[in-house]
Amino acid sequence: MNMPGIEQIIALYASYAACLDEQRFNDWPDFFTSDCVYRVIPRENHDAGLPLATISLSGVGGLRDRVYGVTSTLFHAPYYQRHIISLPCVKGADGEALLVETNYLVLRTKRDQLSEVFNTGRYIDRIVMTDAGLKFAQKLCVFDSELIPNSLIYPI
Amino acid sequence: MNMPGIEQIIALYASYAACLDEQRFNDWPDFFTSDCVYRVIPRENHDAGLPLATISLSGVGGLRDRVYGVTSTLFHAPYYQRHIISLPCVKGADGEALLVETNYLVLRTKRDQLSEVFNTGRYIDRIVMTDAGLKFAQKLCVFDSELIPNSLIYPI
Amino acid sequence: MNMPGIEQIIALYASYAACLDEQRFNDWPDFFTSDCVYRVIPRENHDAGLPLATISLSGVGGLRDRVYGVTSTLFHAPYYQRHIISLPCVKGADGEALLVETNYLVLRTKRDQLSEVFNTGRYIDRIVMTDAGLKFAQKLCVFDSELIPNSLIYPI
């Protein structure tokens, strides 16, 4: 494939963050390939090669299921998320996939409270070009703190 | 017009942040067109279509007036600002204007205190090319928390 | 020299952040020229032209010495760092060097604690092209708060 340039990669991450922060959760699975892997995993487990993840989803169906849970069944106090995404690092290619990593920070704002650091870590992604544009074939969200303020509801 | 590329857009936001964080407030209006709109508005109001804004300025004259207030008349404890700007999202064009949105985080440091999260949200901007380079015809700073630690003095 | 474009500059900062955050400290000096200057300095001192810096290292040898200290002799509780780097600002050129500045935020996560704002400020860098790629001939880390939560151990 034609490897995407930095402009397209920036656009992908910026759109991804906007989708989540604007709470358009139904659009979120569209950023992934049909056979994708999405995992949110503590750094300690990831570094040690341990498989235990906080969230582990397979395929667009798994993501849609999660969205249904988040929007319809999980009982939680609502909060805003705000993604600050650092400069992305293109590590190379693996077959059809571009290997991209970038640090992220998610801030959380609860109603009538100050904004606060919620979750920070590193996206470890495999990005592929499809007929519908760039998609994540894999997105690992490897976060630094095992201690999460309350629970992690929305996708990271 | 020739649409600016990502390199020029990055340069614009990076220069904007530097101007504010270095407290060169007199240069701040130069980032705007003469008939600009600048608003700092809580997300809740923005999402509900309510007009009430924390700061609402029109035209470069309005901005210069605000700078005069900030530097000469408002009584406040000084603090440093530090803007961390996320990857920008080019949403499209509207006539002469480029529609660009990006998340931001402003950290605040008061004398003899730790740096802290001050304000986070989303810039919703209209950028136009002028003879003097790219300028903001509109900048909305839509912030997540209605609770602001003390008051918001300097531009965001 | 051929001036590097924004794509190469982004790659440099992204790789730099990854190196530190993954604690590959032995690779850290490789981002610098042999006769480099690396300083971590409070904003107040920097703005006043005062030379006193929190960390001041000269040459790759000075950096390797620091790495030895960090990894082998300094007694400290381990913590994770996470760099969020804002959009970089290319200020111009000075002879062979490209002058680049960018805001940064470093988050810290101690074991069994929440992630927190650790250090924020501005990189003021001189970047040169070498046979081994882009390197920092100078990196000043000008940070906003003189108050650092505990001590600053790892490079910023």
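Order as written gives the chain letters A, B and C; numbering starts at 1 within each chain.
By our rule, a residue touches a chain if its C-beta (ideal position, glycine included) is under 8 Å from a C-beta of that chain, and two chains touch if they have at least 3 such contacts.
Since the structure is predicted, the reported quantities are computational estimates derived from the model, not experimental observations.
In the contact between chain A and chain B, the residue numbers used by both copies make up under half of all numbers at that interface. In the Cα superposition of chain A onto chain C, the rotation angle, rounded to steps of 5, is 120 degrees.
Centres computed as Cα averages put chain A at a distance of 27 Å from chain B. Counting partner chains per residue, chain C has residues 6, 84, 87-88, 105, 117 touching two or more of them.
Of all the residues in chain B, the ones that touch chain A in their complex are 5-6, 43, 84, 86-90, 101-105, 117, 119-122, 144-147, 149. Remark: chain A residues 6-7, 10-11, 13-15, 17-18, 21, 80, 82-85, 87-88, 105, 107, 109, 112-117 touch chain B in the complex.
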